[in-house]
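Quick one: structure below, then a few questions.
Order of writing sets the labels: A, B, C, D, E and F. Residues in every chain begin at 1.
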Amino acid sequence: AEMFDKAKAYLDVKRNKDDEIFHLTKDITYESKRIIFVLHRFFIYDDACRDAKRKLNMLLDSDRYFLGLAKALEGEDMSLHYRRYTHCVQECIEAMMFLHFIEHRKIPTYEDVKSFLVWVIKDEKCNTDPSATEKDANDDDGSDKPQEISTTTTSSRTLTVPLSLTDYMLGICDFTGELMKAAIPTLTKPKWHSFLYQVFALVREIYAQFAGICAENRLFRNKMSVMRASVIKIEATVYRLKM
Amino acid sequence: AEMFDKAKAYLDVKRNKDDEIFHLTKDITYESKRIIFVLHRFFIYDDACRDAKRKLNMLLDSDRYFLGLAKALEGEDMSLHYRRYTHCVQECIEAMMFLHFIEHRKIPTYEDVKSFLVWVIKDEKCNTDPSATEKDANDDDGSDKPQEISTTTTSSRTLTVPLSLTDYMLGICDFTGELMKAAIPTLTKPKWHSFLYQVFALVREIYAQFAGICAENRLFRNKMSVMRASVIKIEATVYRLKM
Amino acid sequence: SMASQFQTDLDTEVDVRNELRTVSRALEKATKRVLHILQRIHLEAESDEKTTKLGETGMDLIIKDVAPILAQIGEKLPPSEYYKYADFFRFNVIKSVFAIGLSKFLLDGSFATVQFVASILQIPTAETRKSGGIFLEWEEYLEGMIDVGQELARLAKNCVILDNYGLVAKIHSYISTLTFGFSGMNFKNDGLRRRFDSLKYDSRAIEEVVYDLKM
Amino acid sequence: SMASQFQTDLDTEVDVRNELRTVSRALEKATKRVLHILQRIHLEAESDEKTTKLGETGMDLIIKDVAPILAQIGEKLPPSEYYKYADFFRFNVIKSVFAIGLSKFLLDGSFATVQFVASILQIPTAETRKSGGIFLEWEEYLEGMIDVGQELARLAKNCVILDNYGLVAKIHSYISTLTFGFSGMNFKNDGLRRRFDSLKYDSRAIEEVVYDLKM
Amino acid sequence: SMASQFQTDLDTEVDVRNELRTVSRALEKATKRVLHILQRIHLEAESDEKTTKLGETGMDLIIKDVAPILAQIGEKLPPSEYYKYADFFRFNVIKSVFAIGLSKFLLDGSFATVQFVASILQIPTAETRKSGGIFLEWEEYLEGMIDVGQELARLAKNCVILDNYGLVAKIHSYISTLTFGFSGMNFKNDGLRRRFDSLKYDSRAIEEVVYDLKM
Amino acid sequence: SMASQFQTDLDTEVDVRNELRTVSRALEKATKRVLHILQRIHLEAESDEKTTKLGETGMDLIIKDVAPILAQIGEKLPPSEYYKYADFFRFNVIKSVFAIGLSKFLLDGSFATVQFVASILQIPTAETRKSGGIFLEWEEYLEGMIDVGQELARLAKNCVILDNYGLVAKIHSYISTLTFGFSGMNFKNDGLRRRFDSLKYDSRAIEEVVYDLKM
């Protein structure tokens, strides 16, 4: 019976963690889509980029979103939660890439994107000290020795939401779809024709590179055929511009 | 353009007829299911059969249900409407069979069932007389000659909802499912054990006969495998009774 | 017994389906052959002579090869079960309507009425239908004529490529008539409506061609 | 031309399919007839005499009516295209295996091996197969035998109803052997695995019948 | 380049999958073999001697054949990707738990704890797991033990048939312990809950057997 | 025993599948490499020199890398089980047909016949096939050539962007021939029919490019 109690406790913790992550990822996906929506308005609305940037920072640094996810994942077996959170990560890096492209007219590297998903948190308590929880309550009364305070306050943890290369690559695929949607309406806006040409060059180059990848991953294959359709639409737009 | 007007008129009539039949069949199916529901209560409620019979007569002779359907189908190309109305006919004959079995402990024949779906309607006006519509308004003033009245009032039309043998057979299949549902709870009701044995004999005989039918009809094949499951359940009930 | 009577009915139906499957395949082949030849119009629409020639060939093949097969289907079809088996030939009847409509245009630029199409196919229309047997349903006629419209829209651009501007004008007039005829109908959200919407699009495309040519 | 060459190949295939469709229907009818007769076991399993009689009839009909049609199918089947056309007859081959397995049980309570079934059907097994033509696939054999198990599970209860307790014991022993034999196999095919799970369920059902009789 | 790095990752994954597919097949074969032998219990549960013998054989085969393959899987499994590849072996780990649980019961009537099962399989539990590699998940342990319950419910009736009433009593006590242990857990609407519901049903069935025997 | 005999057959099949999986992956890699290189045509189709060069490279890679792997597949394939295992390589055979068809066009603007494609891949066609082994199915050839049509429709617009109007004319003539050839065929397969409908759409797209250039 003791054994069954352990099993019960284990399964309860596992299920609660799963619920927590599920809700976080749902919210992150929703907010990421909103950022992409805002970014699509940048042709008509000058502050779109600034708005999106603000929203993105909030999305990353809030306990309700990515920082919360990073905390929830701390010390967990990633492979258990991967399927749950991979989708929201892809959605968010799609937004990051879109913003990055509008600002710098190039695509952020894998390292760039990973660096967004790292947080260094200062711990007020030192985890290695077994009496930490006890002292915690006395934190404000200044009775601790300076050295102790120093070791305590300088300790910090690094949290991450691990980003696999697959997520990054799949994020690029989705991102080209957004570029296509943004690029096509520029046909009638001469001010944005240079943007159209930049998209044209970038997306064709991405497609030409990706076309060499040999994947059994069905998701990647599907996204490649969607990307092909995007490329053809962008080419048709440049063709129209030329005629 | 005159040709297109004709096409428009033709298609409009066709579509309206289809709508009319669609609504009739929906209502018939619903009421048939209600009758079956009532019949299932006959173990506990003595008047169940009488209620069901009254409802069934109403279903057959009302313009809102079967008689209405027969009128809607009059002079139509049956093959056009068959797919629309076949389902409701099957549902209704399932109810008829169930009632018939409870009353007579046997299954009604194809001819029996067809006879329910024939109506002879007396016409107040004679369709062959081109002036009929004119006279119609004067119907009550008695100025018409006796002979004319006689030919007019005795003319009658026979309406039917054509019942294919396939409908009848498929109806039997569904009916065995209802018998199974009715028979299983009788295990604990000694008063109804003779009913259980009658169902047992009938359904096994039907299954043994039907098992020889070689059909490409997927619907029939599916219903046969459902019937097999019913037979096995009824046999298991009789087995339980015996142990 | 009842079961054996049912078995007989089922067997009869299987036989009818088998026969219809065979004749329908013959119909498909005959129809395909006409369509194949009519496809040449896009490569050869340089002169009236060539287009008339192709129209003649198309019409001849329908009369000689397609109509007799429809007659056979009419014989195999159990009386009053037209709609039960219509899926066997619907598609190719539409294609035949298309072939007649296109051939008629190529011959004299005129519009093939439902009576004309039915007379070529030697089957009755919905109006003249007695009972049982095959007939030319309105839906199939209309769908075939929309196909003609689409094909002519494509042809218009190829005429420009082949420098046959006269034919473009004829197409323009033809498609205007067709679109006007259809515009009076009220389709529900069905296949025909979607087809008609694309016809309207084609009609605009031809207007643009005519406009481009004027410029 | 290329198109006509393709057309020839396609027509050949259509002809093969038509022929196979016809023979497969004959196969279905012949198989169905045996199954129909074997169904009577549930109504008549009162005495060994009756069950043996039914087993004999079943076996005779398979030999006389079903096997010759399989031979015809073997002839129509283009060499090395077994898997392309197997769906035409798979289902009824399974049903024939079932009929043989059940008849053999009714005759002498024994188990029909794959060699025995193949010898009755007069077709090779996967082992003795040369190349091309029809043969008895393992999957079909196993499915048919699982069907036998299911039918016997049903029969066991009917035997009790008919007071034939001796047959229940035979069924119990038969199904134990069958289930035990299957439990050593690694099915790759999920369909077979699921079917086998339901056989285990049937096997348990028969044990319960034996248990009930004992109590 | 990024694309080629991605390609390398993909290729590595394909290799891992291929290797795991091969080892998992070996695992399936080894597990199947134990299960096959343990099936004999339903035919042979006449005496304590025979059941103990079978329990020994079962345990030996797991130790000798199954555990080494799990060790191999542990080696092939990339660190910290247990859950990514768990579907390759989950099913057969559950079956191994079942085989151990059943064998232990046959040996001495006692209950196999998660520590005991893990020690036989020579893999850590969720508690003792370091990181990476294979381990015995609670879900798999619990599912395997429910399987034991179901098999014993079946065995109880067969014991009656074989007149081994002593074993029925042992099964009764075992299943009561098992059901009581599970009844404290709160399952969501998942697979385990459905399995547990059927275990409760089996538990009741055994109580009926015990009751029938008393009568 | 029967079970072990079944097991042997099953193991053989598993081995065949494992070997085919490995070779098919090699085939996919080789095919992908050619496709990857041919993709550059959309970026580089500025001059005849460049396109011819790319066509040469494509053809060379197929001959050097792809054909030998197909030969290996042919060896692994059990005789008369082509259709059982065709799904392992169908997709990449289609892609190879595409690569040959496109390369041939880039080399000299001409059409790759089924014989030509088969000779490059060094496998027989449906006509010259003896029995067993791999061969070039009509369906796969046709699918591959439809892919060529689609790719050229895309290329036509890119040629305009790169100011290579000569190539547009060649594409126009190529696709007209292709579409005309296909329009005579009766596909039984609905997949191919739908693909062909999309080819007609592409063909129209190219006519529009030619039309636009003319205006």
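Assume a contact is a pair of C-beta atoms (placed from the backbone, for glycine too) under 8 Å apart; a residue touches a chain by one contact, two chains touch by 3 or more.
What you are looking at is a predicted structure, and each value in this text was computed from that prediction instead of being measured.
**Q** Where the centre means the average of the CA atoms, what chain is farthest from chain A?
**A** B
**Q** Among the chains, which has its CA centre at the largest distance from chain C's?
**A** Most distant chain from chain C: E.
**Q** Can you compute the centre-to-centre distance for chain D and chain E, using the mean CA position of each chain? Integer Å is fine.
**A** 34
**Q** Distance between chain B and chain D based on Cα centroids, please, to the nearest Å.
**A** Centres of chain B and chain D (C-alpha means) sit 39 Å apart.
**Q** Measuring centre to centre with CA averages, how many angstrom lie between chain C and chain D?
**A** Spacing between the chain centres: roughly 49 Å.
**Q** Could you give the separation in Å between the centres of chain A and chain B, each centre being the mean of its C-alpha atoms?
**A** 61
**Q** Show the residues in chain E shared as contacts by 2 or more other chains, in ascending order.
**A** 14, 25
**Q** Where does chain B touch two or more other chains at once, residue-wise?
**A** 212-214
**Q** Return all touching chain pairs.
**A** Applying the touch rule to all chain pairs gives A-E, A-F, B-C, B-D, C-D, C-F, D-E, D-F, E-F.
**Q** Over in the complex, which chain C residues touch chain D? Could you list them?
**A** Listed in rising order, the residues are 14, 18, 21-22, 25.
**Q** Going by the contact rule at the top, pick out the chain E residues touching chain A in the complex.
**A** 1-3, 5-7, 9-10, 14, 80-84, 113-114, 126-127, 138-139, 141-142, 180-182, 184-186, 188
**Q** Could you please specify the touching residues of chain A with respect to chain F in the complex?
**A** 204, 207-208, 211-214, 232, 235-236, 238-239, 242-243
**Q** Can you list the residues on chain B that touch chain C in the complex?
**A** 1, 3-8, 10-12, 15, 77-80, 82, 109-110, 165-166, 169, 209-210, 212-217
**Q** In the complex formed with chain B, which residues of chain D make contact?
**A** 25, 28-29, 32-33, 35-36, 39-40, 42-43, 154, 157-158, 160-161, 209, 212
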